[in-house]
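Read through the structures below before going on.
Each of the two complexes below includes chain A, the first together with chain B, the second together with chain C.
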Partner chain A sequence: MNKITQKHISKNKKGGEKILSVYWFVILFIVAAAIVYMTASFYGKPYDVRQVEADLLTNKIADCISEAGYLKDEALEPQFKDDFPGNCGITFDVEDSYGPKEQEQYYIKLTLTDFSSKNNVFKAKEGNVNLVYSCNLKGNNLPFCLKRSFYVIDKDNNQYQADIFSIVRKTEKNVK
Partner chain B sequence: MEKRGKKGNILTENIIFIVLNLAFLSILLLFLLSKTSETAVLEEKYAKQIALMIDAAEPGMRIHLNMEDAIEKAVKNKINPSDIVSINGNVVTVKLSEKDNNPQSSYSFFNDVEANANFDTLTQKEYYFVISGK
Partner chain C sequence: MLNKKNGQIAETITWIVATVIIILILAASLLISSLSIGNKKDIGFVKTTDTLASKSLFSYLLTKDAEGIAIYGQLKNQENLNEFNGNLGKTIFEEFYGGEYVNVWLGIINTQSFKGEKNDYFGEKPADTKFENTKVESTSAKATELIKINNDKAIQVVLSHK
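What follows is the complex of A and B.
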């Protein structure tokens, strides 16, 4: 009886090992399929760099109107407002791949408010104004919107609040 | 004798099992490596990286960028290393292959500066960008 049982056990062990290796390869196949799917979906999508771009655009505007916490004198002059992006060294030209209808891929708005009286001292906006309406919507193929505020003082120690609103579209190159 | 035969069997089975597993893992690793170093992926990565770099730059700056992997890929695809990066106006284009027409290989920058891309012939693995005012 003992001998028969041992034989049975050894046969079952072999069978069990074979089944185990089959299961092992099934698991490997599932893991491989998951990795292939994840890699394809990750590298199939473009890198979305619009957040960094909007950050840089906001920093550029902030550096343009202020220096070391002080408001630049030229920022309050009327001719500064006339060509606000040009005076800040910003161009809205983009590559042709976006198509003529969608050429303007940026929108910027700068508001300077007197901190004590709450009056608008300076207000300038430039770019594709239609992009503003997409900011409150939810979805994938939408422009990236960024709002930032900071405080500055002028030479006479008057305090101002600067609000910068930047939008970067470029959905064709950043979202799929 | 029988026992010895069984032991040999077990050893061979295990070796085959381990070899198959290793083969599977190496194929998976090769697939991942080939995906990460794909021409289109590198073109997009460098076009965007250079455009953002120029956006953050100021006139008078000279920026060095290590592009060893892209240069190796371009040389394999018979592209002259000095023709990899081109800047027309405010659009950066990275070209690592003659074949594909990748729409992601170009990206624009908003910084209104004059940027020039130059292949570093000394290191042979870098590009440097000279930023000047317009």
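What follows is the complex of A and C.
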């Protein structure tokens, strides 16, 4: 009886060691998973927010020329066109942590046409015009282009179509 | 003594094997990390309101017909879209937002039931199955703008995402 008990104790001891090594492997896998997570979050590809940025830029321009459904009077004045981004409170300054100041990162173009005849009434553009040529290209590290339109009238019930073309480059920050 | 030496050798072999396993697991974790990271991260940007479509709707409602009556006034006195405001609405919203959204609808809705009136220019209001089930308008599937005309009805533009 005594012998059997001793044998059992010995087996139980080995079992305990086995459980301990399994526990260590669980710990090892948890550490590995943590490394995966940390590596992914630290060295991971950046979030591409250029679509949001281009959309905000477009909305800002739209707010700049129309208010409460009507085209703002000053939008058709020549002074407005002279400093179109400044009048809309838009600056093209960017942080230089990725060296994007070497070339302008934005391009905006506003075209106002007569809604019925499609005749050009007003055109203003600003920024890096070279970005326009990359809009029709296909690839990964290309600027984000957004072309949107809206309908607007003036106080005399003249109808217009406003086309806003926004391009955001910033590929270094958003696409690696 | 001999027994102790054997024990030391066994422990050393265990740690050599363990080190190899640790290195393999770490290498595997780094490999998984590099494979799981794509070219870029998508932030899943879904618009629930469209500023330009809203601006178009405001201007549309302020547009006057040949008699000088604004569309807002026309809709107040009429049951549904007429030839002038229906065609103008179709030109504006289909032309400007038809390519961007899978479905564009403009029409009169009942403000109590949210049910849309069928019209000759945009047809039936697109079904909102989530709304049918929950009675809460789902916003992630579409961008909408609603302007009240009176206590019972409103004009709504519904732009369904692709």
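Just so it is clear, the second predicted complex is superposed on the first by the 127 of 176 C-alpha atoms of A that agree within 3 Å, B and C clash if a C-alpha of one lies under 4 Å from a C-alpha of the other, contacts with A are read in each partner's own complex, and residues count from 1 in each chain.
Convention: a residue touches a chain if its C-beta (ideal position, glycine included) is under 8 Å from a C-beta of that chain, and two chains touch if they have at least 3 such contacts.
Given the structure is predicted, the values throughout are model-derived calculations rather than measurements.
K.L.:
Let me test your reading of the model: by the given contact rule, A:35 touches which partner, first (chain B), second (chain C), both or neither?
P.N.:
both
K.L.:
Using the superposition on chain A described above, determine whether A:23 touches chain B (first), chain C (second), both, or neither.
P.N.:
A:23 contacts neither chain B nor chain C.
K.L.:
Taking the superposition on A as described, I'd like to know which of chain B and chain C A:93 touches: first, second, both or neither.
P.N.:
In the superposition, A:93 contacts chain B only.
K.L.:
Quick one: is A:106 in contact with chain B, with chain C, with both, or with neither? Answer first, second, both or neither.
P.N.:
first
K.L.:
Look at A:153 in the shared chain and tell me whether it touches chain B only, chain C only, both, or neither; answer first, second, both or neither.
P.N.:
Once the two structures are laid over each other on A, A:153 reaches chain C alone.
K.L.:
After superposition on the shared chain, which partner residues are touched by A:46: those of chain B (first), chain C (second), both, or neither?
P.N.:
After superposition on chain A, A:46 lies in contact with both partners, chain B and chain C.
K.L.:
Which chain A residues lie in the overlap of the chain B contact set and the chain C contact set?
P.N.:
Common interface on chain A, chain B vs chain C: 28, 32, 35-36, 39-40, 43, 46-47, 49, 52, 59.
K.L.:
Given the complex with chain A, which residues does chain C contribute to the contact?
P.N.:
21-22, 25-26, 28-30, 32-34, 36-43, 45, 47, 51-53, 55-56, 58-64, 92, 95-96, 100
K.L.:
Quick check on the complex: what are the chain B residues that touch chain A?
P.N.:
Contact set of chain B toward chain A: 13, 17, 20-21, 24, 28, 31-32, 35-36, 38, 41, 44-45, 48, 52, 55-56, 89-91, 103-104, 106-108, 110-113.
K.L.:
If we count contacts the way the header does, which residues on chain A are in touch with chain B in the complex?
P.N.:
Counting only chain A, the residues touching chain B are 17, 21, 24-25, 28, 32, 35-36, 39-40, 43, 46-47, 49, 52-53, 56-57, 59-60, 86, 89-95, 97, 105-106, 172-173.
K.L.:
Hey, which residues of chain A end up touching chain C in the complex?
P.N.:
The touching residues are 28-29, 32-33, 35-36, 39-40, 43-49, 51-52, 55, 58-59, 62-63, 66, 68-70, 140, 148-153, 157, 159, 161, 164, 174-176.
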